[in-house]
Each structure stands twice: as C-alpha cells, then as structure tokens.
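These are the structures, in structure tokens.
Consider the two complexes below, in which chain A is the common component and chain B and chain C are the respective partners.
Right after this comes the complex of A and B.
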C-alpha cells in the first residue's frame, strides 16, 4: 500500500503546486526529491529481500462493477524500476529548471510525473490508457508555453502524432474487453484477466493480429521506432531542456513499458512474424537514427537521434528474446528492460549537461562550441562521461544492456548481428566526434569566458554519473528485479 | 391496445404525467401575456427559468414505470424521461446567457423557447409517429423564429436557409411516414412489428433518413447547418446544435432502432455510409477554418457523425445475428451518455462566444485569453478537451462507450475510421487552446456577461464530473432497456 500513498501524495502535490506562487520552484523540487527518496527506499525495502514475480502492494477500488471498472494499482519488479527511473528523471528535470516564479510550469511537470506513475502502476487497462493519454496534455503545454521559436507547430505535431498512436491502443483494449465478455460472460478491464495467455489463445487469429497491431502502433510511436518517429526530433529540439529530459528519459519509457509490461505477458501467443518485424524495425532504427545523428550540427538534435537509436535495442531485445529459448532469451529480455532503465538515466544526464553547456556558453551547435574543456573542465569532462555512457563504454550502464542484448540475441539474429555491431561503430564514432568538436580541440575564442559548473551543479551531475557507473559495474542491483518479473510470467 | 378511455386521462393517475407539459405551456402563455404589461427581459427569463426547473422536478417525481396514456399516443418510459430532462437542460442552458443579446421582443423569445421545449418533451414521451411528427414540427417552427432573432442581415439569412431546408425536410418526413404506414399498417412503434411490404419500407427508410437527417445535420443534408449555426445569435446556435439536434436524434433512435428493427442490412449500409462521410467531412472542414464559431459549427457536424454510429451498431448486430439485445441496449445507453455530455460540451462552447465582445470572433480575437480571464480560458479548454475526447472529461467517456460497442459488434474497420477521425479532431481543438494560452493578447474586449461565463464554467465542471461518475452507464443501461421493453 505504501507506493499508493506515495502516488496519492504526488497527485495532491501536483495540484497544490499550481497555487504556490513564487515558492513553486522550491516546493516542486522538495516534493520530487521526497517522492524520489520515498520510491527508492520503498523499492529497497520491498524488493531486495527477495522478489519472484507478480504484483505486490496491490490496491483496488470498485468504480462500476457492471462495466467492470476498478481503479486498481499495483507494482512489480519491472514497473518499480521504471517508477524509480521516472522519479529520478523528474528530479533531474526540476533541478535544471530555472523558471523561479512560474507555478504553472512546475505544476505541469509534476502532472507529467503523475501520468507516468499512473500508467506504470495501473493494473487495469482502462486507467492505463487514461494515464497514457493524460501524459500528453501537460507535455503539450510545456512545449507550447515554454518551447523554442517553432513551438506552435511542434507542440501540435507532438500531440496529434502521439495521440493518433494512442487511439490504436484503445481499439486493442476494446477488442480484448469485448472478447473476454463473449468468452467468459464477465466484463473486466483487469490486466490479469485481459492479458492472460489462456484467454488470448481463444481469440480468433485475425483479431489477435488486430489487437497486437494496435498495441504495437501505440508503443512504437512512443519508443520511437523508425517509420513512426518524426515527432521526436522536432519536439526534443523545441522543448525547453528540462522538458527534453522528461521527453527523452520518461516518455520513451512508456513505449518500452508497453512492450515489456503490457505485451510480454502474452509472449507465447505473439506470432513470430510480429517479433521479426520488431527486430527488423529495431535494426532499421539503430542504423537510420545513427546515420541521421551523425549529420546533425545541433547537439540537442544529435542527442535526440542518439536516444532514439538506443531505443532500437529495446525492440530488438523484445523480438529476439521471445524467439530465443532458455537462458539466452532471459538474458536478452532482461537486457532490453535494462536498456530502458540505462537509457533513461543516460539521456537525462546528457541533456542536463547539455543544458548547462547551452546556458553557460549560449550555444548548443558544433560551430558555436569548440574546445570548451580549456575554460570549463568539469563540465566538459562530465559531458564526455555522458557521451561515453551513451556509446556503450564497458563499465557504464549502457554497456551492460547492449552486451546482454547482443549476447542473448546472437543465436536468433545470426548474421544480422553484424548490422547491430556496425551501427554501434557508427554510434561510437559520432559520439567521439561530438566530444572532439565541442569539448576538445582549439578553443572557439568567440565564446569569451565560460563559467564552469557551480559546486551544487557539479555535485548533482557527478552523482548522476556515479549512479550510471555503479549500475554499470554492479548490474546485480537491477537484474534480480527483472529476472524476477520474467520468472513470474513464464 | 386501446384500453384506456378518456376517463383515465382525466383521472388523477394519468394527469400527473402531463403536469410538466402543462407547466411549460402555461408559463409560455404567461410570458406572452406579461409582454403586454412589462418589457423587463429579466422577468421573462425568470419565469422561463423557473418553469423549466419546475418541469424538470415534476418529471423526476412521476412514477418511472412504463405507462401509456391518451390512447397510447403518449408512452412514458425512462428512456423518454431521460431525454425530456436533457431537453429541459438544453433550454435552461440558454435562458440566462441569451438575456444579453435579445434586444427586443424578449417575451416572444422566451415564450417560443418554452413552446419549443414543450414540443421536445412531447417528442420524448411518445412512440406514435403522428405525435412524433407533430411535436417535431412544433420544435422546427419555433426554432425557425428563434434563429431569426436579433434581426440583422446575418440572422435573417441564417433563418431563411434554415426555414427552406427545414420545410423540404418536413415534406420528406411526411412522405416517409406515409410509406411507413403502408408497409407496417400502423403508426405505433413497438417491438416485433410485422412488415407487410418491404419495398415500401425501404422507401420510407430513405425518406425518413433524409427528413430527420436535415435536423441532425448529417453529411449531404448539412449545408444549412454551418450557415445557420454561424449566422444565428450565439445562444440560439447553442440551442440549435444541442436541443434541436438531439430531438431529431432521439426520434431517429425510436424510428430507426425500433421501427426499422427488421431492416438491419439496409439501415446498416445507409447509416454507416452517412456516419463515415459526416465525421470525415466535419473534421476535414474544421481543420482549415480560423473562425471560432465556424469551427464549432463544423465540429457539431462531426459530432453528429459519432452520434449516428449507434444506428450502425444496432443494425449490424441485428443483421449479423449477434447478441442483439445486449449490444443494442448498450449502444443506446452509449448514445444517451454521449447526448448528455454533448449538450454540455457543445452548448458551453457556443455560449462561450457570448463572452467575447465581437460578432463571430476569429482565433486571433480570443488569443491570449488565458491572461485576460484564466478561469474562462480554463473552462473553454476543458470543453474543447471533452470535444476532442481526452480522458478525465465526459467527452472521453461518451466516445469510449460508443467506440467500445462498435468494436464489440466487430465493426473494427468502422471503429478505426471513427477513432482516427477523433484523433484528427484533436488538431483543431488544440489550435484554439494554443491561441488562448500562448499567443499575444488580442485587443478584442471580453464582455462582462456573468451568465455566459457561469454557464461555461458550470458545463466544464459537469463535463469533468461525468467522467468520474462511473455508475452513470449502468443507470443509463437500465433506462435504455425501457425503450426496448415497450408494449405499444
């Protein structure tokens, strides 16, 4: 029940923030810090003594037994990890926010967190969808109210694009709901009922494909995967930095959660061509986004594509992990979920640092920057650390995920694995180039004096880098939750 | 089944069913009489408001079992009761906001409003086609005059267009009813009606669809609606696009679901085609407009498209031999829920225009509204979110059930079309929100119309409350059952 209380506090706090006036910044920061601390302590306390799958800490409130609507919450190893991630990302976003007197801004950020927590914790597809949709509204306002020069069109594009993706999820939920009634005569929206393999097996093949397609469209838009990504670079670029942190760190989590949290329980019923499609799209995304990232002159845009590319690993892991057998499959799937977590941490770290680079130098393009290591060594070094984490340097969190995905999927992908490796080489090269052009080399004298990170700023950033390092060195902190979750379903 | 005689009508038992109608009618005449004595608009509006509330209370206290009076020309059931209350709400909605813009002849305006409402309530409580027709005409004729109020070139043009198309639609209805009688041998709608002549029924279907389709503003019959909603006074537009449209919609539910129950295939093909065109036309046209009132007019057509999906659902369930009673009752309940939300979201949106001190404002005229009056901007945003079908508003609930039963009856392709339409509509509703929140403030002033602002805010609150009121659907399900349970 404790996690539900934390959620309730968050909902209340997000409402109160709108009325806190000039103190909204401190209020929001303190709230999100308290929430993050509470969530981390809770998960340490609940999950580390031992976790072997299934939902714990469930709560259910009957809304209408006739239509089978219950407001039910619960948490499992995987969602707990994502809730921790979400709370850290929102904390980071608030830490780099500098709109000292705008309660609407802070209120909207906390509302986004409410949406993310809600959709992760709902064990009922109705509220899963409701929260899924609700996340869009505060983000739309955040981009629209505080975004860059093209905010008008970009905020609408973000909203309409992702909304079109989401409505397909709704159709799939309807189909499940309707078939469950015709099969068992019970109206229910519970995950446990609608996403159970024996029930799903009774659905005619055509409608199985229909349901899976609907879910996939919705999730792949959010992930994002190659042909469904065009909202992403614009939104990431136009959004203010703290919102970009949330978009990259927390919104891509939604897509990953959709795959592993919603679709995975049906794994034995997913036709293999779907899985191959996911693998193909994942590889395409990896290659396409890596190449596109290489040719960006704006670092923010480059990082946006890099972030999308590394989510390609998630869909590869999902497809090949289910196709795989035994330990390889489990390593693959756990690696995919680990990648969601690691990617969230890394992009949050990178975009936060990029924010400092942008505010301290006034630039976030390659020609504007150059050799800033000379003036601000701490900032440059930390950014280098982020870039190395993002390209998958051993010892950092990203490597663990990519390594387990490649090791696990090798047996399934066969020679296709070379494409993955190839894209990793591209990824490494443009990350290094970025470091070379922006951080090292001759100093761009037009910049004048550049202030380095202040003590509190560097403390926060070092803390984030250390957590990436710790998780990279001791993946055992995270893996038991994931394998426990997988074991609970199999 | 003519078991009741005149004596039962005069008996106190039956008379209580007619109290609401009597109250409304008498209040209408009182206002007309009062017009000779005083010209205080407030007095007229007060009486109209009071009598509407009183009629609503009287409706709530009458027994809720199905009951026929006046030789079956009136059938009181929960379905009718629900819609009667909706119609009263839609009239209440504009009573106070219209005060500001009705400059002369207020007595006639409010008296007409009450007479129109009387017609609506009669339509709610009958399963007899002749009575339905007469009440529908009472509503139409009254609204022709209402549309012309506030006599300017624009309202006259609006009213003229409305009048001429309305008259044409009336003749279609008459024709359709004649053929219906020929095919069925009765004007009384009821379950399990015997069909004497299928071709005649087919002609009746076409004619009645065209006739009633005009009023609901279904695609090929929608042209008048844009000009009339756009040209009329704001609160009259609100009334035309909520009350008057829902009367026709309710009559269509009675006629096409009960009367044409045997024609599953034809009703399905016809209405699916119309629904697809109506939704798509409304949404696509709304994409390019920059006038707020025109936008609401187009969105009103798109919403009509979602409403008439109910006929596709029920007729397809019948045609394909699925679990008809389960699906049809649920679909009608979904339509009832949608109608309720629709009154508040659409009515509130039109009434909002009364707070802007300009005839038919463009988007740029309401830009920066969030800084001028945050509450009003918030209220309108909630209504627009509801129209777009975003969660935590009743608009989501309405669309949710409608599309759910569309999938339930296995019309997945129609559900995809509908849901994509709804997703596209997000674009133009959010464009208005964008103007209100992050465009520079416009020079256009806001009027200090407290009635209109209050109406907008109240509808916003109601729309949100409907989402959280989960027992509503089971309740409506019970009400919808009474429609199918009639023994006419």
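Right after this comes the complex of A and C.
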C-alpha cells in the first residue's frame, strides 16, 4: 500500500507547487528528492528480499462498476524499476533548473512526474491512457513557454505528432474493451482482463492485427523509432535543458513500458511478422540515427539522435527476445528492459552535463568549444564519462544491456548482428570524435575563462556517474527484478 | 582460500591505489607515483606467492554470479601466472623509471592514477574466469590506453592519435563481442555458465560435439578479430605508430606489459576454440601473424622516428607470437608455451628499449629523429649500453634470450613446411625468416644512427646520462633480456606440461645467423658513419611504398573514413532533414485545412442549423443507399 501514498503525496505536491510563489524551486526540489528517496527505499524494502513475478501493492477504487472503470494501481518488478528511474530523471531535471521562482514551471515538471508514475502504476487501461496524456500536456507547455526561439511551432509539432500516436492507442484500447464485452458481456478496463492471452486468442485475426498496430504506432512514436521520430530532434533542441532531460529519459520510458509492460503479456499472440518488423525498425533506427548523429554540429542535437539510436536496441530486444528460446530469449528481453533503465540514467547524466557546459561556456556546438579540459578538467572528465557510458563501454550501465541483447538475439538475428555492430562502431566513432573536438586539443581562446563545476554541481554529477558505474558493475541489483517479471508472465 | 585472496589482491591492489593516487596527488604530486609503484610492487609479491602456491597444483578457480547466468571470478593456471608475473614485474620497472621520467610533469598524479588502472586492467584480464569479465578488463585496458595516449591532451596530434587508437581497437573489440554473442547463444543451452574460461580449457575435446565445429570456427575467427585489433596485427595495426604521441613510459607499458600482449593472450587463453575448430582457423592465425612479422619489419627499415621504429618492431614481434600460435595445427597446444615465451622475452627487451630511448629523448628534449642523433654512445655511455643490450636481444643475436625464443618459432615453421610438403606452407616460414632479416636491419640501423658517428645536432652533442640510480630498473630488464634464455626448457614445461625444447633444423639456424651477419655488415657500412646521408632513398625502388606504409593508413583515413563513412553520414543527415521537412509540410497542410474550416464557425446560428440539416440529410441518403434502416 505504501506506493499509493507516495503517489498521492506526489499528486498533492504537484498541485500545491502552483501556489508556492517564490519558494517554488525549493519546494519542487525537496518534494522530488523526498519522492525519489521514498521510492528507492520502498523498492529496496519490497523487492530486495526476492521477487518472483506478479504485482505487489495493488490498490483498487471502484469508480463505476457498471462501465468497468476502476482506479486501480499496482507495481511489478519492471514498473518499479521504471518508477525509480522516473523519479531520478525528474530529480535531475529539477537539479539543473535555474529558473529561480516560477511556480508554473516547477508545477508542470512535477505534473509530468505524476503522469509518468500514473501510467506505470495503473493496472487499468483507461487510467493508463489518461496518465499517458497527462505527461504530454505539461511537456507541451514546458516547451511552448520556456523553449528556444522556435518554441511555438516546435511545441505544436510535438503535441500534434505525439498525440496522433496516442489516439491509435485509444482506438486499440476501445477495440479490446468492446470485444471483451461481446465475448463475456462484462465491461472492464482491467489489464488483467483485456491483456490476458486466452481472451486475446479469441479475437479474430484481423482485429488482433488492428489492435497491435494501434498500440505499436503509439509506442514507437515515443520510443522513438524510425520513421516515427520527426518530433524528436526539434523538440530536444528547442526545449530548455531540464525538459530535454525529461523528454529523453521519460518519453523513452513510456515507449519502452508500452512494449514490455503492455504488449509483452500477450507475447504468444503477437504474429511473428510484427516481431520481425520491430527488429527491422530497431536495426534501421540504430543505423539511421547513428549516421545522422555523426553529422550534427550541435552536441545537443547529436546526443538527441544518439539517444534515439540506443533505443533501437529496445525494439530489437523485444522482437528477438519473444522469438528466441530458453535462456537466450530471457536474457534478450531482460537486456531490452535493462536498456530502458540504463539509457534513462545515461541521457539524464549527459544532458545535465551538457547543460553545465552550455551555461559555463555559452556554447553547445563544436565550433564554439574546443580544448575545454584545460580550463575545466572536472566538467570535461565527467562529460567524457557520459560519452563513454553512452557508447556502451563495459563497466558502465549501458554495456550490460547491449551485451545481453546482442548475446540473446544472435540466435534469431544471425548475420544481421553485423549491422548492429557496425552501428556500434559508428556510435563509438562520433562519441570519441565529439570528445576530441570539444574537450581536448588546443584551447579555444575565444572562450576566455571557463568556470569549472562548483562543489555541489560536481558532487551531484559524480553521484550520477557512480550510480551508472554501480549499475554497470553490479547488474544483479536490477536484473532479478526483470527476470522475475518475465518469469511471472510465462 | 589464501591463494584465492592472493589472486584477488593482485589486480585489486593497483585498482584501489589508482583513485587514492589521484586524490593524494592533489596534495603532493610525488606521492601519487610512490603509491602507484608500491601497489604494483604488492601485486608482484602476491603474484609470486601465488606462483609458489600453485606450482604443485594446476589452477586456482573461484566463481560468483554476476548477473543472470554470467559469472565472474578468478581463474589462474600456469599460463596465467606466467603472464601475471611478467605484467607485474615489467609494469613495476616502468613505474619506477616513470618516477624519474614523469618527475617534472604538472599532471603526474593523473598519469600515475591512469597507469595503475591500466596495469590493474591487464592483471584482471589475465585472471578473469569468465570471458565477459575478460572483455570488461579488455575494454578497461583500451580506455586507459586512450587516456594515456592523449595524456598531453593539448597537443592536437596526441588527441587525434588517442581517437584513432580507440576507434581502430574498437573495431576489433566489437568483433570480439560478436564472438562472445555467438559463443553465448550456442553454449547457453549446454552449460550453466556459458562464457566460462575454465569450461573451455577443461572440456577442449568435447567442444565440437557441444556447439559444433562451424560455430567454433566462427567464434575463433571473431576472437581473432579482437586479437588483431588489440595486438595491432595487419590490417588493424595502424593505430600503434601514432600512439607514440603519449609519454614514452606509456609506450613502454603499451608495448611491453599491458596492452598489445592482451590479444596474443586471448588466443592462448581460449586456444581450444581455435584448436578444435576447422583447421582454417589456425591457418589464418599463422598467415596473419607471419605476414605481419615481415610486413611491419619492412616499414621499420625506412622510419626515422626512434619511437616509431620501435613501434613497428613491436607489431612485427607480435606477429611472431601470433604465428607461433598458428603452428598448433601441427605441433598441438604446446605452441602456447613457445608463443608465451617469446611474449615474455619481448616484454623484457621492449620495455628496456623504450625506456632507454626515453632516457635519450629526455636528454634530447624529445627530438625523436634518428638522423639528428649520432655519437651518443660516448656521451651517454650507460643509457646507450642498455639500448645496445635491448637491440642485440631484439635482433636475436645468439645466446640472448630472443635468440632462443624467436629461432624456435622460425625453425618450427620450417619443419611445418617440410612435413606438409605444400608450397603454400613455405610462405609463413619465408615471412618469418625474412622478417628476422628485416629485424636485424631496422634494429642496427637505429642503433648505429643513435650511438655511432658524430652528433648531427646541437642537442645530441650536449646529451648526458641521467643519474645512475634511475637506470636500475633498466639494468634489471637488461639482465633478464640477456640471461632469460637459460629458462627456455623449464618455461616450456611449466606453461604446457610435457612440452620440451623442440629440435631446430640446422638450415634455419644457419640462415638466421647468415642474415644477422649480412644485416650487421650492411647497416654498419651505411649507418655507423655518415654514409647514409649521401644516399637518396627516394631513388630506391620500393622506398615510396615503404615510406607510405603500404598506403594502408591512407586507405583507412581517406578511403574508409573520409571516402565512405563521412559521405554516408552526410547523406543520412540530408535524408533526415528532407524527411523532417516533408513531415512538416504534411502537417502544415492539415493546419491550413483547419484554418479554412474555421471560417465555418461564423457564430451565426442559422448557418449552424443549415449545416446540421445538410449533414443529417447526407447521413440519411447514405443509409438509404446502403440498404435502408
């Protein structure tokens, strides 16, 4: 039951923030810190002693039993991990927010956290959808009110594009809802009913495909996957840095949760051409985004594409993991979920550091930077750490996921694995190239004196890098939650 | 239990010392070097204790779960202990010398933190019980080499050499990673610990039936790709000559102890994968190794940068080690011992060569061109004598240790050619044999140009020996280079039980000595005085090919990086912006439709009623046409 209280506190706090006036920054930071601490302590307490699948802490409130609307929450190993990640991402975003006292700004960020928590915890598709939309609206306002010079058109594009994706999800949900009624005469929105394999198996093939297509479009827009990514580069670039952290961390969490949390329970019913389509789109995304990233001169835009590329691993893992058998399939799927988690941590770290580079030097393009290691060694070293994590260096969180996916999917992908590896070589090249151009070499004297990170800034960043390192060195902290979740479904 | 703790301590000691050195170095710069050296000294002591403990038994092993069905732990057998002792000893010597060599650098605390981490990565790699753990240390070594090559980050050359080293070795690393994926996916159903090294070592003969020879061959070739990248074999050797931009002690570490030998060690470590695969695996190992031995040696003859001469010599010598492993299809797994012996001997004399070159460069203010040196033997007698010992060992002059290690490999390749009877098998032998000639030529060309004649620059005429105490580590390595040959037989028997010193055909023995004499005569004639200044190498056929390093660097930078990858990336980025433009136009046209429809919202109630009636009429008409209500 504890997690519901945490959630209730978060909802209340996000509302209160709008009325805190000049204290809003402090209030929002403390709230998100408290929420993150509570969530982590809760997970350690509930999941550490051993977890073997299924929902923990379920809660249900009947709203209208006739139409089957219940407000029901629950949490399993996978969603717990994402809730932890979401709270860390919001915390990081608030930590680098410098808008001194703008209650609307901080309220909107906390409202985004409400949406993320809600959609992850809902065990009811109706409320899942409601919270899904709750994330989009505040992000739209955050870009539209606080973004860069093109904020009006970019925020509109973001809203329309991602909303069209969401409408497909709604369509699929209502198709499931009406089929369940025609099958059993019961109106229900519960995941446990609508996403159960025996029920889904009774749906005619055409409508199965229809439902799955709707879900997939909605989820792949968020992931994002080529060719449904057009909202991404502009939104990332125009959004203020804290919002970029949320976009990169939280929206990919939504897409990944859609695949592994909503669709995975139906795994045996997903036609194999869907899975192959996901694998193909994943590989295509990896290559397309990697090559596109290589050519960017703005580091923020480059990292936006790099982040999208690494989510390609998630859809590859989903497709090949379901097709795979035995241990190979399990490590593949677990690797895919691990990648969502690792990617969230890494992009939050990278964009936070890029924010400091931008504010301390005034630049986030290669032309403006150069050799800044000389003036700000701590900042440069930490950014190098972020780049190495992002390119998947062993010992850091991303590698565990990439290894698990590559090892698990080889049996399915066969020679296609060389394409994945090729994209990893490209990824390594432009990351190291970025480090060489921005951090090393002769100092760009136009920058004048550059301030290094302050004590509290570097403490926070070192803490994040150490968490990425700890997750990479001791993946057993999170792996059992994922394998437990998979075991609970199989 | 004690032995296990010793084994963990070996790599944990420098690993823990690294951050301590960094932090302590902020207060006192000199403390960092002492902490790093002491931690590696401790590793050496622990490795020696472990050596005493496991000499009777065969191995120490312990496994713990890392995640899912991947374990981590310690696996030390005779092969690993030899490597551990070598790495710890040579690294310690280099660290002690670096106390002097890096003594004036303002960032030396970072330097020592990184070299300690570098050494710890290599020690961990040697001891790893699981291939994924092995891979993690493998990448740690790669990362440290990246940081150390770019240590003087403000030099554009250093930054770009570091980048090149990282990306080129990364290509090999990712091939290795696919190899791990193939091995994992085929082992996961037959073993509870799919990537265990001891499983591979202890179940050699069962491997083909467990995972099939095709998979074995694929895995071994992909692992070989990793080894080629790390051990800078043809065609992924291009990073190592540029890597000379780092401090010279870093070059010594990379070339002798901590990095390039990792690739050879990988092949030796998982040798059953190669041995039980289709024979083509080992033939490829043999051909790549022997070809590299000659190929890199010939480039070494025309290079003028003293550190780059040594770099090409490393590539060439690593080729001998790899070729030795490739001889296993005829001589069985005993070749591991032959290869490892050359590896250890090479570590001694290459560290010696680099450090004595480093001492010379310090006296010459980092003037690396051998054409500007000359006459240094008189001016720096101790240092150049040490360089001399290193050089005669490198050239395998009889009764130095490399004479035993290298001529064994050449002799065996000849025996293999003789017994196979096919002409193709003469190639490896010829490569190796003429590689030895090239070795003699580039070694003595370098040595004579450095040591004899008259100084050809002002700096060279004023060079002086450093204090004798700093040369002690070099002297220790010099003794080992000269005298380690006496342990040949016992080394072979220790690494590979039952292996003994093979008989060397008299023919190759004679040929090697003849080549040595020819090489000495030619280089002495040309380079002992200043005769070489009168020859114009540009006019000699083949010189341009060699001086351009067979155009391979250009192939990589121009044809692949600038000719293929960049245009591809530019066209992807172009496609992306066109695609985004198209999506926006599509969305924009919807907005325009919306604007047009907005005009219907006139606010006049009559118009709304009219619209409702028209719409209702349309619905009824459609329903009527569709078949009625």
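Before moving on, here are some points about what is shown:
The definition used in the following text is that the second predicted complex is superposed on the first by the 490 of 490 C-alpha atoms of A that agree within 3 Å, B and C clash if a C-alpha of one lies under 4 Å from a C-alpha of the other, contacts with A are read in each partner's own complex, and residues count from 1 in each chain.
The rule is short, and it goes like this: contacts are C-beta pairs under 8 Å (C-beta built on N, C-alpha and C of every residue); 3 or more make two chains touch, one makes a residue touch a chain.
Predicted model, so just to flag it, every value in this text is computed and none were measured.
After superposition on chain A, the partners chain B and chain C are seen to clash. Once the two complexes are laid over each other on the shared chain, residue contacts for A:134 go to chain B alone; chain C is not touched. Using the contact criterion defined above for the overlaid structures, shared-chain residue A:210 touches chain B, although it does not reach chain C.
In the superposition on chain A, A:116 makes contact with neither chain B nor chain C. Legend: residue contacts after superposition of the two complexes on their common chain; A:424 is shown touching chain C, with no touch to chain B.
Of the two partner chains placed by superposition, only chain B is touched by A:67; chain C is not. Comparing chain B with chain C, the partner in contact with more residues of chain A is C.
Once the two complexes are overlaid on the shared chain, A:151 sits against chain B while remaining clear of chain C. Of the two partner chains placed around the shared chain by superposition, chain C is the only one that A:294 touches, whereas chain B remains out of contact. Once the two complexes are overlaid on the shared chain, A:345 sits clear of chain B and of chain C alike.
Contacts of A:160 after superposition on the shared chain: both chain B and chain C are touched. In summary, superposing the two complexes on chain A brings one listed stretch of chain B into steric overlap with chain C, and the stretch in question is 258-266; the others among 42-50, 132-140 or 258-266 show no clashing C-alpha atoms. Residues 160 of chain A are contacted both by chain B in one complex and by chain C in the other. Contact residues on chain C toward chain A in their complex (touch as defined above): 65-69, 132, 135-136, 138-140, 143, 146, 150, 153-154, 156, 158-160, 162-163, 166-167, 170-171, 174-175, 177-178, 180-182, 184-185, 188-189, 194, 565-566, 568-570, 572-573, 576, 579-580, 583-584, 587.
Within the complex formed with chain B, the residues of chain A that make contact are 63-64, 66-67, 69, 129-131, 133-134, 137, 140-141, 144-145, 151-152, 155-156, 159-160, 163-164, 167-168, 170-171, 174-175, 177-178, 181-182, 207, 210. Across the interface of their complex, chain C is touched by residues 157, 160-161, 227, 230, 233-234, 288, 291-292, 294-296, 326-328, 330-331, 334, 371, 373-374, 388, 393-395, 399-400, 403-404, 406-411, 417-418, 421, 424-426, 428-429, 432-433, 435-436, 439-443, 475-476, 479, 483 of chain A. On the chain B side of its complex with chain A, the touching residues are 323, 385, 390-392, 396, 400, 403-404, 406-408, 410, 412, 415-416, 419-420, 422-424, 426-427, 430-431, 434, 437-438, 470-471, 473-474, 477.
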